[in-house]
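Here chain A shows up in two complexes: once beside chain B, once beside chain C.
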Partner chain A sequence: MNQTDRPIANPIVVLREEFDDWAVLFNPDTADAVGTNPVGVAVWKRMDGKRSLDDIVSEIKKSFEDTPDSALKEIAAFVNTLAENGFAGLELERKIADA
Partner chain B sequence: MRAPRSLTLEITARCNLRCRYCYFFSNPAVEYRDLPTDEWLQFFDELGSLGVMKVTLAGGEPFIREDLSVLLAGIVRNRMRFSFLSNGVLIDDEIAAFIAGTGRCEYIQVSVDGSCAEVHDACRGQGSFEGAIRGIRTLQRHRIGVGVRVTINRKNVHDLENIAHFLLDEMGLSDFGTNSAGYMGTCCINADDVMLNIEERKEAMATLLRLTVKYAGRISSEAGPLTDVRMWRRMEEARAEGKPAFHNGGRLTGCGCTGNKIAVRTDGAIVPCNMLAHVELGRINHDSLAEIWLNSTVLNQLRNRHTIPLAGFEFCAGCSYIPYCTGNCPGLAYTITGQIDHPSPDACLRRFLEEGGTIA
Partner chain C sequence: MKPWKKGLAGERTINTLYFYLTEGCNLACRHCWMGPRFDATGNHYPTLPVESFETAIREAKSLGLSGVKLTGGEPLLHPHFSRLLEIVRREELKLTVETNGLLCTPEVAAEIAKSPNRFVSVSIDGTDAATHEWVRGVPGSFEAARQAVRNLVAAGIMPQVIFTVMRSNVDQVDAMVRMVQDLGAASLKFNVVQPTARGEKLHENLETLNIADLIALGRYVEQELAPNTRLDLFFHYPHAFKALSRIASGEGCGVCGIFGIMGVIASGHYALCGIGEQVPELVFGEVGKDRLAEVWRENAVLKALREGLPEKLEGVCSRCLLKERCLGSCVAQNYYSKSSLWAPYWFCEQAEEAGLFPSSRLGTRPA
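Now for the complex of A and B:
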């Protein structure tokens, strides 16, 4: 099975939305928590295993004004950080095929 | 924040012990009854939908509930972590294995008030020491985090050195916490027998300071003699040197609990804190927790308590410690003075010194 470029949020992770669209991502299995800004929240909500990183970036550019050209790189780094810390993974080919 | 990060839930009004300084029992404001399983499970679903991260299960004795594993499964299902406040006696291998299996337990706090049965049982009842130590050993076997809390009182104040040796050297615990019997609940009835007098407070402070040197980093406190003496020494130093006011000094800033947590009484009443059990904000499964959290007038008044200057209280008139004082716990302020918006006399340095206390 190969990994796709479609990030998927760990379903056990809790998105705790605070005021002004800032949020905390909390993994109850590890007690790890990470704060994120409104763009991060928007990315998280799109990490459904169906959208690719490019799809997510494209949607983010439509949702937020003045999205910089470096958005893809920054969002990719954000997703990688989430993946490294068990908050997210990359969807597998077989699961896509089965779907 | 839109919802509390954590809650303390008194899941039962029953207890296998009757400790002489229990804050929970003998409170006329509380209806001592247990909610059925379904009521808690429904509430856990609400907590899950709000993104609550952690619940602390208390009582009464939480391990007395026959449906405890069902409740824990509800907590886990709603993606929360949990901890316990317990006397340890009812913890057995079966429930410990279940708890360990969830992977969600932060710690279980067990009360140990003596280095031996004679001291511990003096306030907690015959057989309770043996049961508490057995419970701790059971938790350790299952690799569940144990936090021991020593409640300092008249019966154990002379045993603190032995307690530290027993817990840290003999039992091999990494650390333990301390507080003291406070004027709440059953303690109000037995105050003369269990609460420290001035001389005993002095002794407790001196002993604890000595022990924190001997066992560096292994004895902690959030209230009680160790917290008092550390805070009071800072205040006295600041006053003597004419330092500027502390950033949180001079106002009722002593409690920040209402900023990120809330509590539920055993009868389902939502209250700001277990120490303010008479302040009913609503009922679980009848009132929206999010609505209470955001819009309760009473809760918001408590949050604004930090704006009330100590200089306005007759109790504080002429006190040179005002710029460095926070007024401390509103729960104790209420039980001692009948007012929440009042500094707690129990934490008053000036009064302590006037009554013969020393902090040198």
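Now for the complex of A and C:
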């Protein structure tokens, strides 16, 4: 099974949004947590295994003003960090085929 | 998260020595967590010998020392303050001075300014003499503190003003920002009264703000006031209450620096920090008599803290997602309150009891 470029959030992880639109991602299995800014929150909400990174970046550019040219790179780095820490993964080909 | 700074041998380094230079102080502040005895001239109570100052620095440099903080009591009361500054310059150390400003003349300010890497804070607790001096206990101290800020600015130092909030001055928060900006300071830090020494009495007498008001004030300072002033504003409460954006920007206020500091109190003893003046069991040895390297590596309290923090923290601190950054906020305060290195921080404990601890910042590992 090959990985796609479609990130998917670990379903056990809880998004805890705070008063200023930043949020804490909390994994109750491990008690690991990571803080994220509003752009990261928007990315997280789109990590459904159906959207590609390019799709997500495209949507983010429509939702936020003054998105930098480096958005794809930064968002990819964010997703990779989440994946390295067990907060997310990449959807597998088979699941997409089954869907 | 940044790794703890370690030396070549993999051991933790002493980043900063905190020198509590005088047992006396020329003010009599109601909220002081050290409780020094009143000493208008600096001649009545012990001050740290220059030789002890030099010895501690010499021994700490081989353990990674990069800076010193000179505080008190009141550091400018030290009879050889200029000599201490010379030593700091000679050793090329970062310099931090915490002063009430009474003795910060243009000459003293210029002497401090000779250190290329320096940071100075001046305490002012109100926007008028009556408010400040009710807290500080000495007539004339308000104008002297303001003049100290001006003298520092004239010498090329943009100081920080520290304002301790309590019931008697909380209505001056907005005006304080304006006054400090007009004085030319770089930043304004809002301190919370700690329930230690005289501060404990202030808490008992209900002269301090309650937990709900403190949390609300912190939010107001960070979210409403800070974006609208050229000053850097800091509210000294634990990380669990700070906006993530403030934490992400690197603000370290409210974090215990315990892994990288060593206190040296006026009697010439090493201690956890200034708490050694209040709690004898947190005094670790004597400068010149005990080798600092041995104290730093072998002292049982320091070893216990390195092995136990933050995992052994108790109460709400044990469940806080920010405990690895915060480290219990202030180990000295926690120990003073409950005689335990692992006791939760009073502020967080009160907030949890009042249902005000941010639920998004709590989480425990499954058993």
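Note that the second predicted complex is superposed on the first by the 99 of 99 C-alpha atoms of A that agree within 3 Å, B and C clash if a C-alpha of one lies under 4 Å from a C-alpha of the other, contacts with A are read in each partner's own complex, and residues count from 1 in each chain.
We take it that contacts are C-beta pairs under 8 Å (C-beta built on N, C-alpha and C of every residue); 3 or more make two chains touch, one makes a residue touch a chain.
Note that the structure is predicted; figures quoted are calculated from it, not measured.
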item	value
Partner chain(s) touched by A:Phe26 [first = chain B, second = chain C, both, neither]	both
Which superposed partner A:Ile12 touches (first chain B, second chain C, both, neither)	first
Partner chain in contact with A:Gly35 - chain B first, chain C second, else both or neither	second
Footprint overlap on chain A, where chain B in one structure and chain C in the other make contact	16-19, 24, 26, 28-29, 31, 33
Touching residues (chain side chain A, partner chain B) in the complex	12-19, 24, 26, 28-29, 31, 33
Residues on chain C engaged by chain A in the complex (per definition of touch)	223, 243-245, 247-248, 321, 358-361, 363-366
Complex interface listing, chain A residues touching chain C	16-20, 22-24, 26, 28-31, 33, 35-37
Contacting residues of chain B [partner chain A, same complex]	1-3, 5, 51, 53, 76, 79-81, 103-104, 106
